[in-house]
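This report refers to the structure that appears directly beneath it.
To keep things simple, chains are lettered A, B and C as they appear, and every chain counts its residues starting from 1.
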Amino acid sequence: MSWSQTEIQLPAHSRGFHLITHEIERGLNDLDSVNVGLLHVFIKHTSASLTINENASPDVPRDMEMAVNKMVPENWPYIHTIEGADDMPAHIKSSMFGPSVTIPVSNGRLNLGTWQGVFLCEHRDHGGRRKVVLTLQGE
Amino acid sequence: MSWSQTEIQLPAHSRGFHLITHEIERGLNDLDSVNVGLLHVFIKHTSASLTINENASPDVPRDMEMAVNKMVPENWPYIHTIEGADDMPAHIKSSMFGPSVTIPVSNGRLNLGTWQGVFLCEHRDHGGRRKVVLTLQGE
Amino acid sequence: MSWSQTEIQLPAHSRGFHLITHEIERGLNDLDSVNVGLLHVFIKHTSASLTINENASPDVPRDMEMAVNKMVPENWPYIHTIEGADDMPAHIKSSMFGPSVTIPVSNGRLNLGTWQGVFLCEHRDHGGRRKVVLTLQGE
């Protein structure tokens, strides 16, 4: 049984959905040694989130961004507006998708479905760099 | 301390919300032996998801399906439409609910509330069979 | 390596979003002793949920409540209405945010971002007391 934990920093991304599966795998030194386990990926922010979605078509992340802006428009009567019109919608979208994903690990690999990838959901216009904690456990 | 991991396959379900708590429990051989632990349930798809909701009234899953179709309508200006009008909304709903649930295990049983059950959220019209990975850990 | 599990009871809260990070930390006796680990927080109800969001401005939880009521209005054609107009929307909001959060533990502390706090999302008008299971594991 082993535990390992690392913090990685994602460079600034534009507003939208960005595939980060490879960045996560690169942050894991000891994935090979885990036969059965779980990987927990956690973003330390409240205006960006993490999700798992289709990793193949570039149209999927574009449609995701279109859809979240329809689900949580910027013109609702928000009180918390001092950080810009994109700020409060970003908080709501972040809670909708959540700050973490947990992925099974099997035979030294992330046990994702063929079409699954991990996405950074950048909900701010200028979110900057984002910190992500990777916690790997297993045996 | 023990880890166990199994993949189960759910038969094709119609579009909507389907209680699968018993299917999950049937997939776990060693739940009895876990005094304190966690069960992670992960669906390996991006157009179906998992959630926990009310397990008693059959009206709840029907209303859930009505509601998700209002939250994410099929007539938005999606780009990714080649797999049908139900496809891109399915991806968005999947991220909204997420691909996994994690449930406390206590004294050899899933420690769910009285009214809590695990649901397969089938967001496609014809999603087919769905693979689910069960990862149980505890002591 | 250690596991511990406790159930805490949150007092009745008004409908809306309420910071409960301190209540959670108070429920954990052995957080200090965990160098690397994870905390799983699980609410045993289907009309309240848990999320992580901005812990500083009191306007954020107010705007969250405004927004969820726009996302899931009470005047949709629900079938399940016998427990009141707030009941079925509460079930949908609960699945949207989910019944649990999982937080990395590092050096004896919850490894949250500076602005992150854990919120009880009380989706009922009169939800009453809420049971929450804390499962802490690590080494």
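Quick note on the criterion: a residue touches a chain if its C-beta (ideal position, glycine included) is under 8 Å from a C-beta of that chain, and two chains touch if they have at least 3 such contacts.
Being a predicted model, the structure only gives us computed values, none of them experimental.
**Q** Cα superposition of chain B onto chain C: how big is the rotation, rounded to the nearest 5°?
**A** In short, 120 degrees.
**Q** Quick check on chain A against chain C: do more than half of the interface residue numbers occur in both copies, making it same, or fewer, making it different?
**A** Looking at both copies, the contact residues mostly diverge.
**Q** Quick one: report the Å distance separating chain A from chain C, using the average Cα coordinate of each chain.
**A** Chain centres of chain A and chain C, defined by C-alpha means, are spaced 20 Å apart.
**Q** When you check chain C against every other chain, which residues touch at least two of them?
**A** Expected reply: 1, 71, 96, 98, 102, 137.
**Q** Which chain B residues qualify as touching chain C in the complex?
**A** Interface residues on the chain B side: 1, 36-38, 51-54, 57, 59-60, 62-64, 66-68, 70-71, 96-98, 101-104, 106, 111-116, 137-139.
**Q** Okay, in this complex, where on chain A does chain C touch?
**A** Answer in residue numbers: 1, 3-5, 40, 42-46, 71-72, 76-80, 88, 91-92, 94-96, 98-100, 102, 131, 133, 135, 137.
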